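Letters A, B, C, D, E and F mark the chains in the order given here, with residues in each chain numbered from 1 onward.
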Amino acid sequence: MGLKSGHGCVDTKFMGSANDYEKAGIILVGAPMDLTTSFRPGTRFGPQKIREMSVGLEEYSVYQDCSLANVPYYDCGDLELVPGDIDSCMKSIGEAADQIISDSKFPLFMGGEHTVSVPVVDAFYKKYGEELVIIQMDAHADLRIDYLGFDKSHASAIRLMTGFVPGKNIYQLGIRSGTREEFSHALQHTNLYKYHVLKPLREITAEIGNRPVYVTLDIDVVDPAFANGTGTPEPGGISSGEAIDSILHLSNLNLAGFDIVEVSPPYDASGRTALLAAKIIREVILAAGSQRG
Amino acid sequence: MGLKSGHGCVDTKFMGSANDYEKAGIILVGAPMDLTTSFRPGTRFGPQKIREMSVGLEEYSVYQDCSLANVPYYDCGDLELVPGDIDSCMKSIGEAADQIISDSKFPLFMGGEHTVSVPVVDAFYKKYGEELVIIQMDAHADLRIDYLGFDKSHASAIRLMTGFVPGKNIYQLGIRSGTREEFSHALQHTNLYKYHVLKPLREITAEIGNRPVYVTLDIDVVDPAFANGTGTPEPGGISSGEAIDSILHLSNLNLAGFDIVEVSPPYDASGRTALLAAKIIREVILAAGSQRG
Amino acid sequence: MGLKSGHGCVDTKFMGSANDYEKAGIILVGAPMDLTTSFRPGTRFGPQKIREMSVGLEEYSVYQDCSLANVPYYDCGDLELVPGDIDSCMKSIGEAADQIISDSKFPLFMGGEHTVSVPVVDAFYKKYGEELVIIQMDAHADLRIDYLGFDKSHASAIRLMTGFVPGKNIYQLGIRSGTREEFSHALQHTNLYKYHVLKPLREITAEIGNRPVYVTLDIDVVDPAFANGTGTPEPGGISSGEAIDSILHLSNLNLAGFDIVEVSPPYDASGRTALLAAKIIREVILAAGSQRG
Amino acid sequence: MGLKSGHGCVDTKFMGSANDYEKAGIILVGAPMDLTTSFRPGTRFGPQKIREMSVGLEEYSVYQDCSLANVPYYDCGDLELVPGDIDSCMKSIGEAADQIISDSKFPLFMGGEHTVSVPVVDAFYKKYGEELVIIQMDAHADLRIDYLGFDKSHASAIRLMTGFVPGKNIYQLGIRSGTREEFSHALQHTNLYKYHVLKPLREITAEIGNRPVYVTLDIDVVDPAFANGTGTPEPGGISSGEAIDSILHLSNLNLAGFDIVEVSPPYDASGRTALLAAKIIREVILAAGSQRG
Amino acid sequence: MGLKSGHGCVDTKFMGSANDYEKAGIILVGAPMDLTTSFRPGTRFGPQKIREMSVGLEEYSVYQDCSLANVPYYDCGDLELVPGDIDSCMKSIGEAADQIISDSKFPLFMGGEHTVSVPVVDAFYKKYGEELVIIQMDAHADLRIDYLGFDKSHASAIRLMTGFVPGKNIYQLGIRSGTREEFSHALQHTNLYKYHVLKPLREITAEIGNRPVYVTLDIDVVDPAFANGTGTPEPGGISSGEAIDSILHLSNLNLAGFDIVEVSPPYDASGRTALLAAKIIREVILAAGSQRG
Amino acid sequence: MGLKSGHGCVDTKFMGSANDYEKAGIILVGAPMDLTTSFRPGTRFGPQKIREMSVGLEEYSVYQDCSLANVPYYDCGDLELVPGDIDSCMKSIGEAADQIISDSKFPLFMGGEHTVSVPVVDAFYKKYGEELVIIQMDAHADLRIDYLGFDKSHASAIRLMTGFVPGKNIYQLGIRSGTREEFSHALQHTNLYKYHVLKPLREITAEIGNRPVYVTLDIDVVDPAFANGTGTPEPGGISSGEAIDSILHLSNLNLAGFDIVEVSPPYDASGRTALLAAKIIREVILAAGSQRG
């Protein structure tokens, strides 16, 4: 009966989550790390707000004509991360990624700050090596060598990846902010496309071909009008429509993992940023689910 | 003198309202019904916030080159609706619609939740029968047969209309959310156009011809960036510019009545959602006024 | 391991909840009914916000020198209630109360609007009959015979109880608002104490003796400075300190059940209302737990 | 019928207002002047927010055991004041006060900034001369000779009165902020009581006797915990309870007029400041109504 | 060392400001005048919020491939303006403009309300006479002859300029609101382009040629989705992307001075309006700096 | 002249600050460290908000009958702290404290989180050794040995001090939250007083005598009604009045330094928490200034 089993009671997972890790092919994990933001904190509340807002959406997507009800995925909640201790946080995230990958499942992380992506990409690189392609959708290049002498902040997230992912295997889309040095670094180490996301994404699809792709989406790639709930918004971004279309296009790639980061609920009383994140997650689950059969 | 008569004092009607129901051809009515929302309540505050924000606009529209000062319309305030009692609320709204229609006036309702439209459409159907055309601009199909077994919620507003409006006389524009079952129902009973509003509206204008048209606009058809103050926002919608252009296009149709629903002020500290609603209402009054001569 | 079992992941229950209904003596249930409010809605978000804020408190209470870690209680989440359908909501709440009582456990409900208390008190009255004592802490008498002709609103919550609880077995504390008629009704049917809570509570303790006591606390008994997150605040209330002291005094009574209602998070950006509710719940669990041995 | 007459529709006057100036003995007027604030603006929205929140209160007062339903008073709305033009604003307010006084009615003004009180007191002084007693309840002395060289700001409101009200006929209660010069000025020209309101009010009651009393209450006399919605809050003030008790005590004086100023809704999302103002206004209307028979 | 000199401490100037007026060619000045707004006040907080948000941007612009680090500009803080005294405010602003112009520097004012632009344009007109071109980017025509009889409000800002700038030397771009009379006045005295900014700006570039250009940008030209923090928002405006592109186009003109007005932080909890203003200011400084060599 | 020198322009220091470190006896420093909060972040914005709100207060205190104008103190702005790097932050704070103390000045730090106090107390202990008395006013004991295994969080601030300050030289006042273990630790190592501040402060004054006293005030010692802008509020605290009276009482002690921590502006839209902090700082400056002659 309801009270005993939890059935009949409303829970707080992402809508449509299965109750079982084992049977699910896609695993949703919250990584509320919120430590190194130079400007405005709050991403620690991102994953839970995304779950909360997901209830306002349908499980069925008219875009892909399929439903979460038909895709076995599991929301295993938020990782317990130690406030103030970066190394410990990144270790926990990396271990979670390792396990999901070794279980041959598709990880879908919800940040937290962008640093969250680093140990996940590291876990994927251990599996795929230089086969791995990384696509970043972001307003900022995140290629700083350090920030006030400190080299592990969210402004260095992609720079840290260029340290262990050799070759120009990282695609940076939608970038509209960075230092002069970051853009110089990109010239050598990444493929950087300014301002736009959908158009370059279409262009690179053929060259990527069937290689395994990890996508990291910083919500601030979207204009602050559509996604005001983020720590370092940057005016002049893409619309929510372009963001959704870009996600739908990912079904043309061999998607191996995904994260969405930098949703910071305190700056968005309307909840529309977390809602957009929830809609993106729904479409990623459906796209990945259809690929996995 | 001012204090005695109310002249010289600022009132709280929609800008430019006449003081007299009898001489007005267009009647503005608030229907703050806010009962069945499954997610986030607050539409009960919609009509009053729309009035309050209207003061920030001009009575003159540069789009139509005419002014509210030249159109006799009357804002008769909010209906007094019983909190918690759906049947009583819908009865009161229906009676108000009946009277305005029988007085040969043009009703313009401000919700409240989308359920508000049902008794108004019912009143129009009693007058026009199958001549009546209904145009819905909305993010959601609102065609649910029930919600947790309950069949009178705002998620069923258009489904309730398909129960008494036979034939495919309902046009649904801008729809981007619903269950699989709702889209199946639409195939049989309505004309549903996904994602866009202005383009399909232009396409259907000729086939509608001179038939009387009732328009119901759910503010969530607009993207939450432009209209964050609503209970169930859905990312990926039209811009405020497209919304205004769509309203201006209505002057090509034989407009019989209009409502705007689901404005929920608590989720919009800036007031821009109510302001957009006020601007839409101004343009509808001017368009309807010019048709009525 | 963590991801599979949920261990190691942060959940969203009230802090310190056990994982098992069976072994718990105290059962926490959310009843997010939010239907009949005449003024400002939002209580549907109350239970989840209380859980969220509880994380900011300690499990240990220095007031009672004991800890939730030593009391087996279980948070079974929110009941799934049908939006817009009062009768169905109250039936679901009553059934939950019936089960908890028949399992000889202590129910602790989190509203939701005050109407939530009615089926719970009804369930207790079926067990204890006229032995049952009801203590209401509230700013409002809640004794309206109806509101705009409708007799099931939160303004009638206690009036509905006087319909099935004969004798003056209801104590109303802290009341500072009502109609003339409500105060007349109270003279005949309840024991009403104006403005204060702690002082009259001490006075009535002896006369109540060992009879089973159900306490319903409407958060608006506290002044809006301390509890701004509520739908119908009433200036001139008690402090949070007096509220806590009153709860601590309840350990002198034979407490059978408890509810806390009318916490409405949208009106409190700081979260302190839900936090006060969480602290009160902690103290009630500890007080009830020590009585149950 | 409802739509035509406005009956049956919810209006936006202060609760319980009569429909007729002539028959009313007490006149409520909004004076949304908001021009000279040195710190944070917003008092222009005060009167309308007070009306809006009044709906959340009962017309009956358990404190005085009487109801607005039994007192003929009239809310004539907000004066239309020219933004940016101080002299014109103060002239309009003075004319409204003159008329109400010459009609032998009791004026009750809602600010707006404290400068609003100056022309009203001027109007009373023209009638009563040195018989007139002024009681100010306020956190600030408001005795500045100027602010950056400008002598008509709200920081000079009482200083302006000392210019035309000779003798120590002004009582200042609750004062906890001012410049050294203001306190020196008070020594010569007013009776200033620091920090407290109720205690000094009781002490001066006998010496005031039956002289006509005008009370001006700046909401910031109340601590910002209870009244956060004001432009220049000052920590360390009285509670809402002491404010209400002080108002109730006014029935021991010969009350001739009243104003409540500096309610600034933008700084109070909960609305409790305007609500406290509404409750104070209800009690003043009831107290003044009982004196007028 | 840091504490003594301020080095090492974070200050609150616009990012990258020099420490010295003398060596700077571009001077940033806050003019927090906020007096005549007819609707919602708050622009007095604009300049400081813009500075605060600027910290979230980079000094380097990828759009222009140059950095504030290479342009000597100086933020001299906010002018001290007398609250409530329009004439004194406008005199202070005019004197500041006079000095900067006579020192052959480029003034960049941050309002405050739009009235701020009038004395600055007056100062430029004294230097350049009819050579001067004024470009206004705005939702409103601001050509009112008066507002309630008062002729110095922000709704008359451009009208006041037409009084002393003869010939059609004022270009109005993006206008979508005004009275019928304002549009008539524009026909005679200005060049008014409706709805759009970038397209007409490109069209008029050739005809303006090398004449000195002063640009005044009212942030409400941008749609309230992108710039909600303003007093009189007007739905249906340009995107932040079009605003940025328009600013970048200004490098094709002989830019002499610039202001950005009507940023009102209280209506934008996310800060994105001030952030967009900061980004615009960065681009203007870089564009003007490159012109000045 | 104004623009060049900054004179005539409004700056953003705490009201009444001198322009010179050398001549000042009291030094105000912002330490916006915001790294280890387990619950809700935001204290990094505390110092700047306190400065901003200080403008709403007078420099003159009627409580002490003296003015900041007569006390030479200097606000040297915020320390530049590395986000995410605790050790570096604490080193910077310690160095600032060392310098101020070695210059024989009185340091007044504004946090930031409570961890900020640790290096400051360390600096004082190096000077005074066991002569030093520490008084903590706080809701929480802050005596945790670690938090999730991490020993440098704000929940361990006082525990860290007990590591290097031997003897029971720490007085903890107002404590109403902690774990059982923290209260056990307090029994051995500190003097802990529950719930109240003013009463125990008076009691310990004599026994402290003339020993040098460092006071650390966590704003959450005040009830969240009066100080909602903090990360871990705890209901049931002291009033703002008691806080001010406690600060005034400090003039009876030999005050050597002071800090106020945990002001977190994002949770307080009204700004009253920062305002209370500003008022407390004013009173501390005046009290310390009078002691220093």
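By our rule, contacts are C-beta pairs under 8 Å (C-beta built on N, C-alpha and C of every residue); 3 or more make two chains touch, one makes a residue touch a chain.
These numbers were taken from a predicted model, which means no experiment stands behind them.
Shared contact partners of chain B and chain F are A, C, D, E.
Copies chain A and chain E of the same chain sequence form an interface built mainly from non-equivalent positions, shared numbers / all numbers used being under half. Chain centres here are Cα means. That of chain B falls 38 Å from that of chain E. Computed from the mean C-alpha positions, the centre of chain A lies at a distance of 55 Å from the centre of chain D. Inter-chain centre distance (chain B to chain C, centres taken as mean C-alpha positions): 39 Å.
Among the residues of chain C, those touching two or more other chains are numbered 80, 223, 225-226, 269. In terms of which chains touch, the assembly is arranged in some other way, matching none of the line, ring, star or all-to-all patterns. Listed by chain label, the pairs that touch are A-B, A-C, A-E, A-F, B-C, B-D, B-E, C-D, C-F, D-E, D-F, E-F.
Here chain A touches chain B in the complex through residues 55-60, 62-63, 65, 67, 223, 225-226, 239-241, 244, 269-272, 275-276, 279, going by the rule given at the top. Interface residues of chain B facing chain A in the complex, by the touch rule stated above, are 39-40, 175-180, 183, 194, 223-226, 228-229, 232-237, 267-269. On chain C, the positions that touch chain A within their shared complex are 1-4, 6, 8-12, 21-22, 27, 29-30, 32, 48, 52, 76-80, 96, 99-100. Listed in rising order, the residues of chain E touching chain D in the complex are 34-38, 41-42, 44, 80, 82-86, 88, 147-150, 152-153, 266.
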